[in-house]
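Both complexes below contain chain A, partnered by chain B and then by chain C.
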Partner chain A sequence: MAKQIPSDSLVVRALAGDNAAMARLMSRAEAGSAECRPALAQLYAKAGRAHVIGITGVPGSGKSTLVSTLTLKLRTGGKRVGIIAVDPSSPYSGGSIMGDRIRMSELVNDEGIFIRSMATRGAQGGMARASLEAVDVLDAAGFDYVIVETVGVGQAEVEIARAAQTVIVVSAPGLGDDIQAIKAGILEIADIHVVSKCDRSDANRTVSDLKSMLTMGMAVGDDRLWRAPVVPTSSVNGQGFEQLIECLGRHGHFMRSSETGQIRVRKIAEFRMLKTAEDLLRQRFTNARRGALAAVSEQLAGRRISPYQAAEQLLDGINLKGTP
Partner chain B sequence: MSNNIRVLLAKVGLDGHDRGVKIVARCLRDAGMDVVYTGLHRSPEEVVAAAVQEDVDVLAVSILSGAHMTVFPKIIAGLKARGVDDMILMGGGVMPDEDVAALKAMGVHEILLQDTPPNKIIETIERLVADRGER
Partner chain C sequence: MAKQIPSDSLVVRALAGDNAAMARLMSRAEAGSAECRPALAQLYAKAGRAHVIGITGVPGSGKSTLVSTLTLKLRTGGKRVGIIAVDPSSPYSGGSIMGDRIRMSELVNDEGIFIRSMATRGAQGGMARASLEAVDVLDAAGFDYVIVETVGVGQAEVEIARAAQTVIVVSAPGLGDDIQAIKAGILEIADIHVVSKCDRSDANRTVSDLKSMLTMGMAVGDDRLWRAPVVPTSSVNGQGFEQLIECLGRHGHFMRSSETGQIRVRKIAEFRMLKTAEDLLRQRFTNARRGALAAVSEQLAGRRISPYQAAEQLLDGINLKGTP
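Up next, the complex of A and B:
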């Protein structure tokens, strides 16, 4: 691709299916380039047709393998599938090693599949900073499904629930007891529960723990109209994927046709607006505070002022309306 | 905010020796780069498709099997066919000196052999990306 090609021309090529153009737009979105903002706005306006699926779960639960098998099954139905795979950045060097492609190797030689790896780069919540812009690129370019695979999350990284139409939470057998299953947090955000690695003998226990958690929810008056199904899968023998695709179809239909779905669409929009505003504020704050930081933190470290006073001093005199 | 340097590390063909490529991945990560590792036994076509989708600054192929004179021409042709002209192509591994010269003449930007210290790898990538400029 020619150097420094304008983002507007990349949009035309991306919409025509040019992988290199789609990829370059994602890089510019990730860099936060001002030049590409009108182009991203065009894509946002065209997006909104794809079924956006978030897949989350603890590290090693089998997310990448599930994405790989699920994508192959969706492809046999002729659908185009885009994948955003998020891996963590080093808190020390800022670098990363992104290895999700290793488990998605069967998906590479297929023009109906696009895979992009993204590093979190300080973003919290399990997604990368420009994950949702990358989803827009794929959505606008006509992919039927866009799957966002989060980093391996702990118990509280639930941001994906505010960005996807359908959230799949993957649980693997052998990690924790039935009390883990009734704790607050990640399990609550599932539209579909997948229990992976069901070729293993202890998988039934995990399935029944999850099911009894969901039954308990009903007993205490959870009146949500969608009841999250528990789907046992195995990428070794292919078990459960037909049921998973059926559940995805059913949930996609529920989201398109119900008031719950309309509310989710508005919540997703609201989340993106707030998130973008927060990013802008943080960027302006980081730029503006530069001179003041060292002096104030020295006073704070010497315990001459309190953290609250230090924060107030830092914020005083910063114009957050300025251009970043 | 600018992006980290993005590098795709690939192993191509019948070559199961991945200790070296993993060490390189770790060095580049610790130098603040984003590294996409494809795993073993990829074909040149798969590597090109992955590098394009990942929009990496550097496509680096590790070869210890002796197949470099077959693999690199295919990768160069694949990038050309997809209209990619601003990706830096590098090779690493064990190769005879005359092949290194031939590969560079073919369009491989740099070949770093098995005795290259980690700092040299990092410096080389940083220099090649800086020379290429913004894109």
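Up next, the complex of A and C:
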């Protein structure tokens, strides 16, 4: 076996600003490697200073373009920006064949920008855990902003965006009914609403529709102290990005100084704990495959026991404290 | 407390064809009620005869319309059809404001059709477990077909469609690039490809693009014994539904008679076992909230321990065999 750089050494390099070391730590986190857990714990302990921004929206809402433009604007202000893309349609994931090429090359050649796309398929769960560990790596390494972009469809994906200090939900003019219906469901998680593509003539309608929905209380969050602003933007002419950055600053301050912010920090911690525990359990199941798992799943497939009975047997039968 | 009909009695009624009893069992399953577990176990033991069909596709692909038309066609043949919709854009979920009204009313007034939409938000996980328990209810109650419709974006949602005997992936002409990119990722799970909206003039292009992708091996599954057919359909003029039903019959037979089918049955059992175990674990965490959970999450929020340490403490600290 070729010798591998220990994760602890990668931490030292990552903290010194080595982007390649950060990328390797993220790969190990994604693989669920036990060797890197102490390293991730070190990073977690050092993290907590970055402004973590979750950006979500339905496919076609222009999330990726917004992320690109926002990143360039923040960068102009001298800030270091990390991007974690949990979105199969993101250009960073190699999903999108057309578009965003020029803007992307502007991003990737800048040392103050780090882009990572997370696998969203075949990950056998663990996507939330690994994405948030990637955030820790960038946060600990001193990035000022960490943007987590997720597609706003799918329970797991929306949950990840929600585990950020500030959640931006992106809307856009000209989307179909099917898409609009999905969108309606995620509006309530927004700390800031962005309406993208506001160079389009039909954008005013989208902005006013959204504002009236919010006024009608259809999508108002439960926090009366923060009223989510609606920011119209255009990546074509740069409209709205100053206002967006101002709103981000204001919301970041609100989160740091309010009880609401403290409650969210605890909720995020709880979410991470549960996701990590689920993931540990899944890893242990997988390790036990040859033994208990195969026998129990065989009985279940033959309908001799029920899924609950199988699950109980599994929870009871596996030594949760160590190797099976 | 008002007296509640015991779940065992609901099972008797459900097996006798009482749709209201089925709906109540599904609600209890969705709520994760421990009282109904023996009832669900009875249903699971009796299930296994229905042809369970997972239908998935990106938003705008016309899944719901396809499900409606397919259901009406199967119904014409005298079959009982159940629909479980795990799709926020489904008209059955009340998501879609426009469209499908007429077709829907044809469905809901027929005793041989059962439609249930599952919550996809706020479900705190458990969506996969509850959806598959709803399938068991209909399967045990003698429905010939159970269709599970999920939106083909989002890891959790795609996994649920995959836990069916036959998986249909729906494509459609005229979708945007963002959507197409997502679509590419789910093609590989198809046992049958449907291209919907084939009354449109641009549909031929979609069919030939899809066929050439499949020929190029870009999205071929790993099973050489079954080559997923491409079926062009139109709910406007009824094109393709005979062929689709023929393909379903052929694939159902293949699954019942081949080793591939046996392997899938075991994989589905394993998936259900893991999802149920995760869900049990989550329920026990929630029950323990006042004690261990709060203390551990507090330490985590303060970054005094790492997410892995918190998860380990939780797995070790909670009495997994009973109440905390």
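FYI, the second predicted complex is superposed on the first by the 235 of 324 C-alpha atoms of A that agree within 3 Å, B and C clash if a C-alpha of one lies under 4 Å from a C-alpha of the other, contacts with A are read in each partner's own complex, and residues count from 1 in each chain.
What we mean here is this: contacts are C-beta pairs under 8 Å (C-beta built on N, C-alpha and C of every residue); 3 or more make two chains touch, one makes a residue touch a chain.
Note that this is a predicted model, so its numbers are computed, not measured.
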| item | value |
| --- | --- |
| Chain B versus chain C as contact partner of A:4, first or second or both or neither | first |
| Partner chain in contact with A:280 - chain B first, chain C second, else both or neither | second |
| Which of chain B and chain C A:310 touches, first, second, both or neither | second |
| Which of chain B and chain C A:298 touches, first, second, both or neither | second |
| Superposition-derived comparison: chain B or chain C, residues of chain A touched | C |
| First (chain B), second (chain C), both or neither touched by A:20 | first |
| Contacts of A:270 with chain B and chain C, given as first, second, both or neither | second |
| Residues of chain A contacting chain B in one complex and chain C in the other | 89, 95-99, 121 |
| Residue ranges of chain C touching chain A (in the complex, touch as defined) | 37, 40-41, 44-45, 47-48, 58-60, 88-89, 95-99, 120-121, 123, 125, 127, 129, 132-133, 151, 153-158, 176-179, 181-182, 184-185, 265-266, 268-270, 272-282, 285, 293, 296-298, 300-301, 303-312, 314-316, 320-321 |
| List of chain B residues in touch with chain A within their complex | 1-4, 6, 25-26, 28-39, 42-43, 45-46, 49-50, 52-55, 82-86, 132-135 |
| Parts of chain A lying in touch with chain B, wherever the complex brings them together | 1-4, 19-20, 22-24, 26-27, 30-32, 89-90, 92-99, 101-102, 105, 108-109, 114-117, 119, 121, 283 |
